[in-house]
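Look for chain A in each of the two complexes below; its partner is chain B in the first and chain C in the second.
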Partner chain A sequence: MVNDLKIAGTRKSLGKSLLYTLPMFLITFLFITGGRPNFSDPSSAIAVLTAFLLVNVLYFLMHFTGKTDRYRAVLFIIFALSLSYTLIHNMLEVRNSMSFSQADILECKIPFCHLVIPMMILPAVFTKSIIFPGSILNGFANISTMIVLWLVATLVLGRGFCSWGCFYGGWDDGFSRFGKKPLIKRIDGLWKWMPFAVLMMVMLTAALSMMPTYCSWICPFKAVTEFEQVTSVESATKAGIFLSLFGGLVIALPIMTKKRTQCSFLCPLGAINTLSNKITPFMIKIDKNACNECFKCVETCPLYALTRDDIKEGKVSMFCSKCGKCVDACSKNAIHYGIKGVPAGTLKNFSRNLFLFVSFLFMAIFSAGSIIASFQGLLKLIF
Partner chain B sequence: MKKIKIIAGISWAFFGLILIIILFPGLNSYSVSVSKLPFMKLNPRYSGGEIAKRIVTDRCTLDIRKPVFNGFIKERNNGFVQLDWRGNISELINDSIDYDQDGIKDFNISVDRKNSKTVLNPINSKVKDVIISTRTSYGWAVRVGIKKQL
Partner chain C sequence: MTDSLILGLSSGSACLATCGMVMFPYLMAGSAGVRRIAIDLSLFLLTRFVVYFFLATIAWYFGQALFSNPVVRNIVPGILYIVFAIMLVRYSISKNSNRDCPVKIVKTVNNHKLLPILLGLVNSLGFCPALFLILTKGAAEKTLVHSYIAFLAFFIGSSIWFIPLPLAGKIRKKEVLTTIGILATGLAGVIFMIKGLTNLIGGLING
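Up next, the complex of A and B:
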């Protein structure tokens, strides 16, 4: 009964849902198919069409069912898997190995990822240069393009980038959904400050060593992208760290806690996105009049962004990534998407519609390239 | 005041919407603009440094780059010099290098490309060791470790 009440608040009729999906349909048609689908290569046409349909069906379902996180997570996880698949596939095809060589570093051919950004800041200020062996403007995942994408996303979505834009987040988001109940129930919420400590550490060590230390020594996602060839004790140690952090923080702990532990406790870029949450226009709000303090939202939040005190005070912390899991869980429609300056409990549907359009559009277009490439790869494998 | 806040918030949200809509069509031109910012160049520790001297023979080209000692605040004592051989390189490279351009050879370097073996014979005592010696898409590259001061 209560669930029906809640869903009635955000779900739309078939006609209305189709109408709300239309702008997404048209814009993604332009960007994903290039406006002119090319049917001369059947496997590419099928891959493009599947990706296009996938994003639009998911967006339609968000409106039709009134649920956000469920459908966001599908695309988010597919994005993470397909990016890793595409990168590994390219590496294996070009180099016959998942590791990059000294020549790749020397020729500055390493794809840039947004996690390097925190480490670039101090050297960029003091030495007016970038400490990364990638390309400034040309080729796949070049430094300038990745900076523009992240900058706009973090300005508009704040930490929403971590649930709607990050091409790694889908890994621990996915594993945190395994199993019904968490095996580990209590982890001190203070650990959520850890990314700030990691941020300070990697910024300083990167500046002093003039090396992106997080990428070279810590990043768990090296395990599913590319890492340095194991040729020495040092490179073997690094590979060991990458694999154990991936196994621990991205697989085991998310399964045991049902939380996104890598994003909550380690990611230094997450710390910067947390700060940019202060300026972004979109946020999660709590309608105190509707809230019955069941605290389901606190339990369900994968990023330790909500505490019981937050709910009692009626505000969501800056750690929120706007994933919508708490919104989906609230049977009273008390926790909802909102806009800065607009009082909680008002313009609920308007705020949700606007936020969903902005955040989903970003994820749909950003993820389309790798999703198409991986669909194409799968089609080639099957046929 | 409340009304102003609401209007400001909604305007900011719509501005966000516009930013995301124009982001992808204009991505290339925004990237070009960002790439022109003063700090958007690779640190010499990654780019290998500027080319100080180019030696052209009828078979290949040897680029001797400027020694790199770049540090965060000040220069470091330990650095490297990068050498790039391009073109039709013979299987056995053997060159004498004057990396500081003072007219005196600083080291001899020989590379057996087939067996990936590199031998360094320092003449100048600031020359230390071979840091990297590798096949590249354009030929072969070597980074030789050097000291700024003894």
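Up next, the complex of A and C:
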């Protein structure tokens, strides 16, 4: 009965859902095909068509079923897997190895990712130099494109970037969905401040050593992208750290807690995105009149962004990544997408539609390239 | 030098979190404006500097006597780094850790002119895992100058946090800053643990 009430609040009829999907359909068609679909290469055409259909079907289902996180997560996880596949595939083609050598560093051939951004700030301010050995304008994953993409997404979505734009988040999001019940139910709330401590440390160490220390020493995603060639005790230690952190924070703990532990307890960019939640126009709101304080939202939140006290006070903390898991879990439609300045409980559907359009469009365009490339790779492997 | 500065910066934040609020009333008690506060703070920092200078000298000579063998020079500090780093990490993650500040013992002193010096002395000699780590580093350095540089970096890193001490009362969300500072100290411990492991493995391989 209550679920029916909730679904009636956000789900739409077939016709309305198709109508809402139409703008996404047209824009993604333009971005994915460049406006001129090329059917000369069958494997490329199938990959493009599959990616195009995938994003639009998922977007349609979000409107048709009224569920957000369920379909967001599908694309988010595929994005993470395909990005890693594409990157590794590219590394193997170019270097015959996932590891990079000192020569690659000197020639600035290391692909740039958004996690480097916090470390670049202080050296860029004080020495006007970029401390990452990547290309500024050329090649795939160049520095300027990534910074612009991240900046725009963060200003609009706030920490929503962590659930709608980050191409690593899908890893621990995916693993957090294994199993029915969490093995570890309670983790002290002070740990959610850890990303700020990591941010402080990596910013300082990067500024003092003029090296991207997080990438060199900590980043767990080195395990699924590229890493330094193991040639010494130091590089072996680094590889050990990457693998242990990946195994612990991206695989084991998400399975045991059913939470995104890497994003919650380590990521320094997540700390910056958390602060950006203060200025973004979109937010999750709690309609106190509709809330029956069942606290299902607190249990389901993958980033420890909600506490029982928050719900009682009717506010959502700045740690929220707007993934929509709490919105899906709420049987009363009390927790909902909202717009800053608009009172909670009002314009629920309008806010959701607007947020979904912006955030999903960003994810669809951002992920399309790597999804197409990985589909093509898979097709080549199969046939 | 970088790791000493990082250790100072991170442990300084935790030190301020635990000791700052205790020292603040003593440094400020009976003070007559910014000039008095500046003098008291300078005396406090100068005392710490002098103590660290002596500790750098003692640690280095001690290290020379103990770590004469090049393999031992890697292995023993490696083990000490790991032990003290574990203590530092444990301190930062243990909710029930003793957050009492050693400077509380100067409560009984009534002479206000002597207070900043006494506070500096007790604060710099308050044996915490971070100080043990820097002592180990000073002992393992190749030259006395390197030991001085390590302690200087540690002193600068930890002192930065005390400079805005007079403004501490105005800082909002002190609990959050305290939590972040203490977690950062734990991370500094992890850095030294890795350094210790690398030293130890390197020493064992070379040995």
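The definition used in the following text is that the second predicted complex is superposed on the first by the 383 of 383 C-alpha atoms of A that agree within 3 Å, B and C clash if a C-alpha of one lies under 4 Å from a C-alpha of the other, contacts with A are read in each partner's own complex, and residues count from 1 in each chain.
The definition used in the following text is that contacts are C-beta pairs under 8 Å (C-beta built on N, C-alpha and C of every residue); 3 or more make two chains touch, one makes a residue touch a chain.
All figures in this text were calculated on a predicted structure; none of them were measured in a lab.
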item: Joint occupancy of chain A by chain B and chain C, clash or fit; value: fit
item: Angular separation of chain B and chain C about chain A, which is computed from CA centres of the superposed model and rounded to the nearest 10 °; value: 60
item: Which superposed partner A:N142 touches (first chain B, second chain C, both, neither); value: first
item: Partner chain in contact with A:F31 - chain B first, chain C second, else both or neither; value: first
item: Partner chain(s) touched by A:L208 [first = chain B, second = chain C, both, neither]; value: both
item: Larger contact residue set on chain A - chain B or chain C; value: B
item: First, second, both or neither for A:L14, with chain B first and chain C second; value: neither
item: Chain B versus chain C as contact partner of A:D188, first or second or both or neither; value: second
item: Chain B versus chain C as contact partner of A:F357, first or second or both or neither; value: first
item: Touching partner for A:F126 - first (chain B), second (chain C), both, neither; value: first
item: Touched partner set for A:A197, first chain B, second chain C, both or neither; value: second
item: Overlay on chain A, chain C to chain B nearest C-alpha distance, Å; value: 11
item: Intersection of chain A interface sets (partners chain B, chain C); value: 208
item: Touching residues on chain A, where the partner in the complex is chain C; value: 188, 190, 193-194, 196-198, 200-201, 204-205, 208-209, 217, 233-234, 237, 241
item: Chain B-touching residues of chain A, taken from the complex the two chains share; value: 27, 31, 101-103, 105-108, 122-133, 136-137, 142-145, 147-149, 152, 155-157, 207-208, 210, 280-282, 339-343, 351, 354-355, 357-358, 361-362, 365
item: Interfacial residue positions of chain C with respect to chain A in the complex; value: 2, 5-6, 9-10, 95, 176, 179-181, 183-184, 186-188, 191, 194, 197-198, 201-202, 205
item: List of chain B residues in touch with chain A within their complex; value: 2, 5-10, 12-17, 19-21, 23-24, 27-28, 30-32, 34-35, 38-48, 70-73, 82, 132, 134-138, 141, 143
